[in-house]
């Protein structure tokens, strides 16, 4: 069982969700975040002065999937989130030790 | 135009009776009036509304300033305005009014005859057509917003206790005497013939210059100017600016003290000066930075409103366009400069009110053509008088504000601790959070 | 001062004609008037504005209340005010006005002569100088905000359907009759001589006491008082308070029904009472909790505004300072107590409007000195009459509200389910979210 | 009712002098007046306030629209309104006013006699009782909000530069001539006898239909209608609606140009139509979707306000209830249909202002009973005239707007790039963020 | 040392915190998030049209505990967050490589 | 490849970012969060009553770095975020299984 963390452009969220749903992958948790990497920050003007704002708005989507769905899911995310320009984002993959569905107490992959 | 010296060159004859009625300065007219001057319901209606409009400007300012700071200081910033409403609201009735408008003592200050509004009732003052109490209320609203404006320079770092005490003393020792000079019967600037229709010197230069002194004495916010310190909520700022523009009609057109042609002129000049100021700053940002900003637009509007304040009832609408645009460009130039210089007039209380008020006060002496004359209409002396008024205001305000702040610095300290500044004023000064989940 | 009994001891002789003109109760003056009473444009201008100002108070209340609840209930809370505007706006014209101001039936209620405003036009009522239609509009704005105030006690848990039906019945069965008692020609409290300048009993005690009953019948919110339930957006609350303060000038000074000295007096007393109330609560928080809070400051302002409402045209500015401060401290004392007792008057509709209205109504009988006399000016009887007015209001409001709520409880249920309460009213009652990413 | 043709069938005799005084069209009365028509302070007070109220509607609209879009476009949307204040504020004084109200050229447009307000001063126009300058200001506020309304149809995707240029040309080529037709002395629709009390055709149909054309030419927002594009901040929307309702009293009741019975009537009809519109949409949502929504309630209120605009001084309060409800239901029906059809009139500028304005203009010809007569009061011809007015407005506005947008499309392009649209207008057009941490 | 991530209904946060505190487990970091899983999204009405909003508000609570407290902590969370209806949420468990207390430089379990 | 999660005082973010940049470590994702640990919550006053608010605002910064940069990065964070008072925060370190740069498809450390 793995957690896939996708850090994407905010306006790509709907597309990513659609792509995942199409492949039968349901369930994720989404955060608003701000990111900073190679992508140049943007300039904001404030009363006659320009400021470099390093952080840009990003969406972080965490989804836990069985091991055999990892490739499928990352493919779906990449295809839906990719525009080809800097700032498209990253995917990181983490091992998940256990999972529990609070409602039923189901554990592990049954909890997904 | 609470009280101005009607110059010889009033253009339209039809305006004279209005001026006379409003001011009671033309002997003949006053003599012609019956002993008990009558209340005019139309004038009274307009002034009731004007008082309400000027009051609304202070919550408008709270929003304007509150949106400009970081989220952790939103309440601390708004509280400076709220406290002005609470404190000066009471103070004005107790003794502020009488210091400003009590009977003249040596041309510089009013006596205590109206202490606690003793003897102030429903009958009008000489030469006015509204209840005396209403004049008190209208003037009282000015006394509230003026010290609140200062908060913009010291935002995000001044102790609330120090700010409260400062306002208390400043209203009594700076604002009220200045108001006497310019608008009080017998005030020396009034007698000199200085033109200040609705408070360019009394309100904007005085608060602006005090703000500059205060921010220099307090020092910069941590992180300024290295880190971008950006507004946490610009829609609030825009809303605040909208309420200010709206309320300013009471401020300026209400300063005619009557529902007449001068009020209409002041309303029009106020409106177009705000529009021209907004347009000028919008275009400036566009040309200079490639994009027209919302904050620039509303800042320009406020600059235009400040600039027209001393001039509102004295200039033509066309002149008001020029005045608004010039003031706005003057302000943006200064603001850019002070940021580069590392002066942390955080929300530009001096940059907009001080600079804009100064430009406006001087340009009043240039463009005046209604109810008065200026440089362009052949009265160079008026321009000189305007300079005297401006300089006198700077000098007096500067000295007294400096002393006041020094005293407070010793007594209670002006600035919060580094720790408090980093956590934010909302939590440390007020025990609250602006927003919760 | 829609209609009050002019007492013998009117101080200033100059005030008499104004009172007479506004009230048409002094026989001689009325006789002297021509058959068709004339409209005064100044009075009309002021009352047009006053009606608009009082209308604005309800959106102001929506913001004030909306900011105080949790984010998941912001729309549900604002909808209570919006629904009042929609429902009571129509209802008043259809039949609310005539129940309150139709020709007197047994001193307790108006007849149906003005159903759907039949026969109400541009001509003034006897003794007024504004179009009858404008009087209807002004009064109609009061009928909107009064039930909306009740929402503060039942916020975050009452079914919208139940609240809507409650408002419908409450306006017809509680508000309109009460308005008749106090302001309707022939109303028994008017005839008794009770003083209620702008609605201390009719608006504040009635809504406040109904609110208390409603919150006791509904029970507490889940989590109260164990968990902190804190305001989600205090800048909205401050904005709402600013609009309330502004609109209250229409509420109180508009209740003079004319642009005259009484209106000016009411404007001044309203303003300083608000300021004194704000200052008192600010200092209370500072002394008691070590920090002056923004919410305390605006709560105190509202308390001061409530307290002065019945007294606005009857007391001096100096008395208004005392009245505002006392009311504010009375409210904070009660509010602290009710929280300790676990009474979930969630946004303190009773704590501020009920308590403040009661203190104000009684102090009116103490401080009255303009257009009337009170305890301190030698009329002990007036104080007794004020007590009668307050008690009668409590009794009538209490009984009818209790029955209404019992009936609605049986018919549609008062409270949302636990599940709905936890998810929030915005989603469950209105299918919306206040904020989206 | 800036200027309307008083029909023969004015019902109440008492109204005639008022109409005459306000309009100066009844020869006898005018003759009876002295050569120099006098200013009435009450009328002037009311119109000073009305001008301020109408100005406030544009910040209100900025909030209303700004809250409805996504957070990344909040400033871009508000900037459309701010830019209208800045640009049209200046433009009106320079040449807009004279195109609309200069001396008549061929019944379609005004001459340049009032260029830069030359010759416009404190004296009233014939038949008016307020300073000419004040009439300019009042009218100028209408010219600001009208193009700003169009922004609602093109929100979240139109280039700011294109919108600014469009407003500039549109005010001069569409708005000002239309205003001349309907309200300018000699305008052909005025002469024909079309009734448009406060701007149903001039303001709402013109902006609404232009909005429809613009949104069709621009195309849909990315994601529409597939993805839900929901309001980011409904409390802002509600606040905006509250300010609009408040300001609309100046818009409609101010259109009486005097503080008289007609103003009072317009205030009452405006208020109850808003209330009825709100109630109708609230109930519609409840019945159709199971839940009454806050957005529906305020949308209905705005629909009711739009609907009553052409009718405000001509119909009874009871008719206003019907008119408000019918307009609101007409709007919700259209809005539902256009969404299903995939027409992205994003914030329903046509759906509410175009549709509501059309319904209102036609129903004015049905319900008119005060100062005029309509279908129900026996004047079928009036209904025909109303149709002519509506059709003429659609045709003229449609053609000119289409050409303007075509030209701008070629010259500067109308729409931002896909990339810019996805990032949002705030950052890409204005270099700012609405909210920061 | 493990990180327990609990994705719960927002209104359950106080209860969860109480349950943990009672068992002596202190310290957590909480995020506002939006989630999407089996639980049906809700319908929002927007001017005469109904929209399906897939994501629902959730609270994500991350707490790092020594290995021997994992069961205790998950029990506490489940008991406090469970209502029995869909949407109650999930618990995911991750291995934590190291921990540092910034103030003191303490590492590993001593940092908790 | 590790993910470093730094939970810090909000006003330390700029300093932390500067310290990392100085050491050539670029790229992170930042969340607003609320935390609860040893640091006493603060008191809020609400109309005459005092409430203990347990949670305090925190910034969570997640940065993924190659194994050999972990010490450098944590040092930088500690030095920039440390004030010495309770509430300075924690650093937690997680193993990252894989990384993908969405724009290019680069994987593992090449994706950083």
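Note that the chains are named A, B, C, D, E and F in the order they appear, and that numbering of residues resets to 1 at the start of each chain.
What we mean here is this: a residue touches a chain if its C-beta (ideal position, glycine included) is under 8 Å from a C-beta of that chain, and two chains touch if they have at least 3 such contacts.
All of these numbers come straight from a predicted model, not from anything done at the bench.
Peer 1: Applying the touch definition from the top, give me the chains sitting in contact with each of chain C and chain F.
Peer 2: Intersection of chain C and chain F contact lists gives B, E.
Peer 1: Give the chains in contact with both chain C and chain E, ordered by label.
Peer 2: Touching chain C and chain E alike, sorted by label: D, F.
Peer 1: Using the average of all C-alpha atoms in each chain as its centre, how far is it in Å between chain D and chain F?
Peer 2: About 52 Å separates the centre of chain D from that of chain F.
Peer 1: Could you please state the distance in Å, as a whole number, between where the Cα atoms of chain E are centred and where those of chain F are centred?
Peer 2: The computed centroid separation for chain E versus chain F comes out at 18 Å.
Peer 1: What is the distance in Å between the mean C-alpha positions of chain A and chain D?
Peer 2: The separation of the two C-alpha centroids amounts to 45 Å.
Peer 1: Counting only residues that touch at least two other chains, what does the list for chain B look like?
Peer 2: Those would be 40-43, 45-46, 49, 230-231, 233, 239, 259, 289, 291, 293, 295, 431-433, 437.
Peer 1: Any chance you could list the residues of chain E touching two or more other chains?
Peer 2: Residue numbers touching two or more other chains: 10, 31-32, 34, 43-46, 53, 94-95.
Peer 1: Considering every pair of chains, which are in touch?
Peer 2: Here the touching chain pairs work out to A-B, A-D, A-E, A-F, B-C, B-D, B-F, C-D, C-E, C-F, D-E, E-F.
Peer 1: Going by the contact rule at the top, pick out the chain A residues touching chain D in the complex.
Peer 2: 9-11, 14, 34, 42-46, 53
Peer 1: What part of chain B is in contact with chain C in the complex they form?
Peer 2: 36, 39-46, 48-49, 51-52, 55-56, 58-60, 62-63, 66-67, 74-75, 78-79, 82-83, 85-90, 93-94, 116-117, 120-123, 130-131, 133-134, 136-137, 140, 160, 233, 236, 239, 259, 429-437
Peer 1: Provide the residue numbers of chain E that touch chain D in the complex, in ascending order.
Peer 2: 43-53
Peer 1: Would you tell me which residues of chain A are touching chain E in their complex?
Peer 2: Checking each residue of chain A against chain E gives 3, 17, 26-31, 64, 94-103, 105, 111-112.
Peer 1: Okay, in this complex, where on chain E does chain A touch?
Peer 2: 2, 6-8, 31-38, 54-55, 58, 60, 74, 77-78, 81-95
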